[in-house]
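The following pair of complexes shares a single chain, subunit A, combined with subunit B in the former and subunit C in the latter.
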Partner chain A sequence: MKFSHSLPFRNLKGKPVRTAILILLTALLSLTVFSGTLMITSLKTGLHSLESRLGADIMVVPYEATTKSSLENIVLQGATGYFYMNADKYQKILEREGIGQVSAQFFLASASSGCCSTAVQIIGFDPDTDFTITPWIKKSYGNTLQKYDVVVGNNLNLFVGDTVTFYGKECHVTAKLDKTGTSFDTAVFTNQDTIKALIQSSLDLNMNTFQNIDPEQVVSCVMINVAEGYTVEDVVNDINIHVKKVKAVRTKEMISGISDSLAGVSDVIGILIAVVWGLGIVILLLAFAMSINERKKEFAVLRVMGASRNRLAGIVMQEALLTCLFGSIVGIAVGLLVILPFNQLIEEQLNLPFLLPETGKIIGYVISAVIVSVISGSLTAGVSAFRISRIDTALILRGEN
Partner chain B sequence: MKKITCILDAILCLLSALLCLGTKFLFHACAPKEDGSWMACHWAEQTVFGLGITLLILSILTFVFKDGKTKSGVQISMTVISALTLCIPNHLIKLCMMPDMRCHSVMKPSVMIISILLAVFAVISGICHRKEESAL
Partner chain C sequence: MMLKAEKISKEFVREMKNTNRFTAVQETDFTLESGTFTVLTGRSGSGKSTLLNMLSGLMLPTSGKILLNDTDMYALSDKELSRFRNQHIGVIPQGQTALYSLNVLENICLPYTLYGEDAHQQEALHLMEQLGIADLQNAMPSELSGGELRRMAIARAFLRKPELILADEPTSDLDDENTRIVFSFLRQASREGSAVFAVTHESNAVQYADRSFRMDAGVLTGQFI
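Entry: the complex of A and B
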């Protein structure tokens, strides 16, 4: 028998409003569970990505940078800005005990005026010593960066082969990085020769807020990995005590604020999922019960015509299965249509690292959400199916029940 | 069947109107620069608006035409135009450089979703009109 001629399908088709309401309810359930799970996972993936991108135990910055709150804005929030300290601080840090890997970085923000193609954060690194950016860039670009070569973050609308102008200097885009869900997606990376030339150019054009600096004699921050046998705490304290006018910060401390916000958002989403899910189940239970109640005579007639109790329960369960399956697909489709294209907007509104999981994982969530919605929908219908299989045909047909 | 095709045609009409009005008032591209000049995304917005008007006229025509084959022909053209609209932001006409700008975070996904819905509903409606025609 063709599926479209089966009794459950014809029952659903015969009552389009009732079917539409049931589909809408299950769609809401699956939308909540799928979207909520995807949001929480994306936030956690974003935080994990941020942790791995920072890639160092300690970050040493000029003391003024920490007092103006520009540090977190630049490093974590993606704001454009820069700060500098004398390169002799870098030498002094090198002399301290407990320093394992160490590398200097240079920051520069391009302007959005005529000198530059766009306003972006430019991060320079020393390829000989760097251990935080190079491993990550190597995934997208295997060669060594030449002067005026830049690697661009994934979200920038620039592609390999493009030319971008910063302070009158034309730079060549040699690679585009994978998406990280962090502020690095909108940054430009280059080697120290290029960034020093760009800093000099910004000074020549009188567009740098630091007027009296020599690009060859400054660094923006120093990234440190602690040597074996030393604790991060010890090295941070040692630098803060012995190296003047700098501040050593534990990178884990820097992202603790983000972790707290993320935990808060995750909790709210979790509670919302639980509340909507609970309400949805109760409403679905009532909807199936009311629907079966008003169809008692229909089932009694089927019983008189020879349908077994199991057959009646089977019809109810098949109808529930069909509506739940279709509803969950609709709900998940809506969730995908909102979260995937608008992920950038969501990231901006939440102001937290937000990185969608890989396609395989998203497919896994889709399948799980369908299974969970279908099982819960079918279980709620199971109560009504059990009741309808126990009906007293004679009483119902006489209109006494 | 006639009821369903009527609902589908009405949905197409509403989606086309949403594309036209939304591109101008709800999910428009970035504002002009301080000197009054427009960025590239403005031209993407204008093109989407023009295609939206074309889609709206075509969707209204499905109510005017009586012949099912003509209606499904109109809906095939609507599918093609919707696919073209989908390609406008950032593919055929480049948007701004920064992803956090309005054209990237609001206009592009909104146009994308409406265009996909338009294409899907146009295909379904076209098939329904063909079925309706062959049933007569």
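Entry: the complex of A and C
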């Protein structure tokens, strides 16, 4: 029977309610710091993902789609919708100065695909000129998309090899994209031949709000990268002045609203973490102090039996370490159980791009949260440990302290 | 074994009184030797426990020094003094002194297990038998009566067969029969070679002792053999 080193464990086990409260408090601390950090990071990762997915300096859309909210709704927030302008606008844009890369895109919202619980946004692109979607799709699908081939966003309940019907046309799922944490996760991508056929089919089925358009003669938007030597501002102004009935928008401006919201949410989470930590540390300080105070006589007895002052402090610190370690693991486990399975729900509720960082980073956050929680909890216990190492054994045994 | 207290005294600071210094133990010389059972009686607050605490290395005297086998106890570091106390001194403190997360046997074995040594359970069980608590080895302290807890503390103090045993009111909450058992036990320990020093209110403790002192207002007033 050797339990000198298990004495802290036995002390914790002997007072289950007190121990549970301490574990709960440290769990709360680690839960807030871990979940908060993971949330903020996921939002930032989502924003970066959105920026890279947009992949262009300028987006030109028909003027009727230019109320910023409707544009953001479709492109950034994932709301389904579509708008068109004559393809000659594309030609006119090409003639402007400062145009580097340029490519047209085509939007169509599926009314009911039979595949998805909600309608999906279908985005068509021209593989010959596209520079925003193709590089991204190439990561998941190396081949060229054929007519009626589609690539689906990560959140859609569709898999490679599935067939999906849009406006009576059967399309083949050839690839599924990696998660982006943005509205693109619920979109379907295809080439311009397919989307033109789908637009035509939606017109034929009388299911398109634009009744008198020729799919061969329309585009939804034009994505532009500015040529070297020109500023984005100059090109935007030039297009807005010289190309009628369109609106050129800086993509960075488009996401500025999201960026602001993200900053707001991050601030709120940051404040929440600070408040919970402030309160948690104070409560933990009191809880450890009370826990030690009610056992002063036990510590005095240990001293009588030959425990040094450092040994007494060591027992307190070991108890704190065990409590904080277990508490932080519980807190982080709860955080993981909430955020990992429900990250899509969180994204929907926040209505902001939300992309979990890679596993390695998450593991890093787990380790950091454990370390921070254990150190903080142990520091609060350190105050009690110091006090108990200074007890006047004789007075305590006489019941005078 | 020889414990020698040379010119020791103890003063406390009392902020609420007219005089801010209070002398609990007046300067005194005192010795304890192997094989003797020494009893100290006196009224509450007379300084008996203060003297015992100084002898056990738990309370630094205001003046003087305490030598145990020529080792100046208070010249040792806290770590050394703690280990010294663990190995050489068995203290039976006042009141109930159990660790409530450990069972009775584990409590008794603590002087060994505190330093990661083998628990010496057989010796512990033998002591428990002698003290009439053998059937309580797996009981938790919260299940014990005051007398049983006191006997547990006595067994714990005796486990390492210390050279010096210091008992502070060892029979304070025991009935006559248990009081007799405890004093006989202390006397037996002295017969086996330990120096035993007991502070007590019990006037009949003197009949078990080899030496008896009385303390009044911090002054050690008499010695009877």
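The rule is short, and it goes like this: the second predicted complex is superposed on the first by the 387 of 401 C-alpha atoms of A that agree within 3 Å, B and C clash if a C-alpha of one lies under 4 Å from a C-alpha of the other, contacts with A are read in each partner's own complex, and residues count from 1 in each chain.
Methods note: a contact is a pair of C-beta atoms (placed from the backbone, for glycine too) under 8 Å apart; a residue touches a chain by one contact, two chains touch by 3 or more.
Predicted model, so just to flag it, every value in this text is computed and none were measured.
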When subunit B and subunit C are modelled together on subunit A, clash or fit: fit
Touching partner for A:Gln344 - first (subunit B), second (subunit C), both, neither: first
Touched partner set for A:Lys296, first subunit B, second subunit C, both or neither: neither
Partner chain in contact with A:His172 - subunit B first, subunit C second, else both or neither: neither
First (subunit B), second (subunit C), both or neither touched by A:Asp185: first
Superposition-derived comparison: subunit B or subunit C, residues of subunit A touched: C
Touched partner set for A:Lys92, first subunit B, second subunit C, both or neither: neither
Subunit B versus subunit C as contact partner of A:Lys44, first or second or both or neither: neither
Overlay on chain A, subunit C to subunit B nearest C-alpha distance, Å: 15
Residues of subunit A at both interfaces, subunit B in one complex, subunit C in the other: none
Parts of subunit A lying in touch with subunit C, wherever the complex brings them together: 1-5, 7, 10-11, 13-15, 297-298, 300-311, 392-394, 397-399
Residue ranges of subunit A in contact with subunit B within the complex: 117-120, 155-158, 185-186, 337, 341-342, 344-345, 348
Interface residues, subunit C side, partner subunit A - complex: 49-50, 53, 56, 58-59, 78-79, 82-87, 91, 93-95, 97-102, 105-106, 109-111, 113-119, 121, 156, 168
Subunit B - residues contacting subunit A, complex: 90, 94-100, 104-106, 108-110, 112-113, 116
